[in-house]
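Order of writing sets the labels: A, B and C. Residues in every chain begin at 1.
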Amino acid sequence: MLLQQLVNGLTLGAVYTLIALAFSLVMGILSILNLAVGELFMFGGYVGFAVIAAYLPLPIALLAGMAAAAVVSIVIQKIAYEPLRDAPLVTPMLSTLGCSIILQNVVTNVWGSDPLQLPTELFDTRVSLGPVNIGMMQIVVIGVTIVLVGAVAYLIQKTSAGRALRAVAENRDVARLLGVSANRITLLAFLISGCLAGAAGVLIGLHYAAITPYIGVDIGLKAIAVMVIGGTTRVWGALLAGPLIGIAEVLTIAYGGSQVRDLVVYGLMILILLLRPQGLLGGARSDIGQRV
Amino acid sequence: MTAATNGALLRLANIGKSFGGIRALSDVSMTVEQNRIVGVIGPNGAGKTTLFNVITGAYRAGDGEVVLAGETITYWPSYRIMRAGIARTFQNIRLFAGMTVWEHLLVAQPHRGALLRVVLPVRWADPAAWARAEEALVFFGLQDYRNAIARTLPYGIQRKVEMARALTAGPRLLLLDEPVAGMNHDEAEELRALLMQLNARGLSILLIEHDMAFVMNLCHELYVLDFGAIIAQGAPADIRSNPVVLDAYLGTDTPC
Amino acid sequence: MSTYCAGLFADIGILLLGALSVYIILATGQLSLGNAGFMGIGSYVASYLTVELHWPLTPALIAAALSASIIGIIVGFPALRLKGIYLAIATLGFGEMVRSFFLNFSHMGGSGGYHGMQHVSLGYIWAWAAGILLLLTLLERSRLWLEMRAVHDDETAAGLIGLNTTATKVGAFGFGAAVAAIAGGLFAHHYVYIEPANFGFERSIDFVLAVILGGSTVGAGALLGAALIVLLPEWLRFLADWRLAAFGTLLILVLLTRRQGILDRPLLAKLSFRGKSP
């Protein structure tokens, strides 16, 4: 029973990890919360759904969801973020909020506000591994997440684009002096952010075999907590914190009652902010007060 | 004129400050007598601004004591130290970007009297503060800039506003961090005259400066700081010919 | 006035108070994304007092404001350690925790909500809303407000001109929380039913939206913003299913063209025929 919960928690956690990374890519280099990430996640899910409903295979659905979300993410960067780059943080944040409002309205109009459901025969196979009964879909979710996170980690650590990303995150002005195009890097960050959010959307939509236009908000907020707990600028931090929080949530619901779980998750987030602001795996650049 | 109080207004005793492995200040002892103008000079990186930061409580002293008019203020929070009668200006001007010149002349003034004075509109509730701000505006010749927002001001005016703001706090001791940096000769002369005028009115001044001519003609006493320690002190005439001082400045221009 | 219009105006008054609660805290340079939490506390405390202990509404509101301000001050202290976006995220967490707390608080209904409050008139709501707005308009011309703005512009320099930045920042949280609590108490006695979902992130964001949209440097901005947020979706009804998208578009357009929000000090001075400020 416990092991079963652990697997469920891991699956949920995998989704959190992807969205947390989507947030932290933008947060790391721009220090703003892209409030549209939740809706990008939702939008990607819908696109993935549409592909599946057309009887195309899962990988295509995944790619379609990622691509769709990435495109919208870039549009958001150009329209809502770029012109407000030097405004105080709340302004571009609210601008991304405006985008999320628009996106949600569009999705509701195109697909309706009632939940969409998949015929559940798809991906219903379950596999038994000892005492645990894992759904095929859960394996897919966890597997895809690991692949994607690995890809992002590789990108950030081993490629020149990744180096540029880290440079801009470290110090935007110096990076520019060294020839890094902050604009192009920002674009890249938004692009990857969109891909990850979109992938998460497809995965969770297929996992629950249902999707609504409103899944973005709650999961989005939780993912922010995951990002903070894992460490805002550490890829592996998100990979650690996601499952941690997913499992904590699942266990709290199973053994403590579903209502307490938010208290636990956000309480942990606040504790981390106050006591270990760089997150569990360290390294976040927090705003330090100016020196005289 | 202020009543003469014998003894030091500000006394630093064996101040030490380290940042990690770097010893920014070691065993610095200094006195600013009432009504005197004291200068702190030394090569770049000698620890002069660090010294100011320790005095004003922006940094906590690692060792030693800071005593203001008999009271030990070493570990007081900044705002309390400033309220006790110290005001300062900054090497890189720190104005309040979104506030007007007029607002700068009000905001630093001490609270005098009831709480109500502070929460009700200034114009009615605290006419004394209003008047003091008017005085400062005129004294510094800032009337034309009264409603200008700080970030739009030319550099020279910003410096004046910073000085004016510091003085509206009614300090006994004014700390100036490189007040003539970037000024031409005439502007520096203007400032020197102003400072002497303020000193004559009872203000004690402690200043950091690189400009030797300025310092020599203004200060009653000088301290020379190098690598965080005092290497010489005395009257300007003595300092200028002190071989230890000249040695410390080797490589930097020293006007004779 | 029709019930429909009265409802809209009530919403504006309540949103105005919520927006002002964010405005007060923002004036010291702190962005709070969790003020719906303080609103919720005010709502539940005021409702408990009027329904269970049969207090009249006005003392209940004051008690609610006081309790919330104590929580606000408690929140304000750890908030000193955080800056910028991290503070915003922490306050977001706080708001969610409050919401979650009331979800679990079965004594007052938990997720089922709470009811039993007496309905209060539109006039009463606006007596509070206008009163507090007026109070703030006076306060904006005070030295205390100058000190808050100094802390906002340069906290370190503010400390070095003798301002007690701790007291200012923590006090702002306390004051903001009190105002949000009043919004909550009035909300409870207008809708006569409350549930934790009323006090979530969307509500907190609405407050922030009203302030930023209407004008983040003047109290009147909160009034304009609150009016816009309540009325725009109504005026845009002719767009039927697309009105939210239109709202989002308008929001982005305003932010792109006028970052400080629609109203700011110079514009306000011009509009009120007072000409230049002193």
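Following the convention adopted for this analysis, a residue touches a chain if its C-beta (ideal position, glycine included) is under 8 Å from a C-beta of that chain, and two chains touch if they have at least 3 such contacts.
Not measured: the values here are computed from a predicted model.
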Whose Cα centre is nearest the centre of all Cα atoms in view? C
If you average the Cα atoms per chain, which one ends up farthest from chain B? A
On a C-alpha centroid basis, what's the spacing between chain B and chain C, in Å? 41
Counting only Cα atoms for the centres, state how far chain A is from chain B in Å. 51
Chain centres from averaged Cα atoms put chain A and chain C apart, in whole Å, by 29
In chain A, the residues touching two or more other chains are 291-292
Using the touch rule from the top of the page, what residues of chain B touch 2 or more other chains? 56, 58, 90, 94
Would you give the residues of chain C that are in contact with at least 2 other chains, written as numbers and ranges? 154, 156, 160
Listed in rising order, chain B residues that touch chain C in their complex are 56, 58, 77-80, 82-83, 87-88, 90, 94-99, 102-103, 106-111, 117-123, 125-126, 129, 147, 165-166, 169
Considering the complex alone, what residue numbers of chain A touch chain C? 27, 31-33, 79-80, 83-84, 87-91, 94-95, 97-102, 104-106, 108-109, 217, 221, 224-225, 228, 257, 259-263, 266-267, 269-270, 273-274, 277, 286-292
Of all residues in chain C, those that touch chain B in their complex: 138-139, 141-144, 146-147, 149-150, 152-154, 156-166, 217, 276-278
Which residues of chain C touch chain A in their complex? 26, 31, 78, 81-86, 88-90, 92-94, 96-97, 99-101, 103-104, 110-111, 154-156, 160, 201-202, 205, 208-209, 212-213, 216, 241-242, 244-245, 247-249, 251-252, 255-256, 259
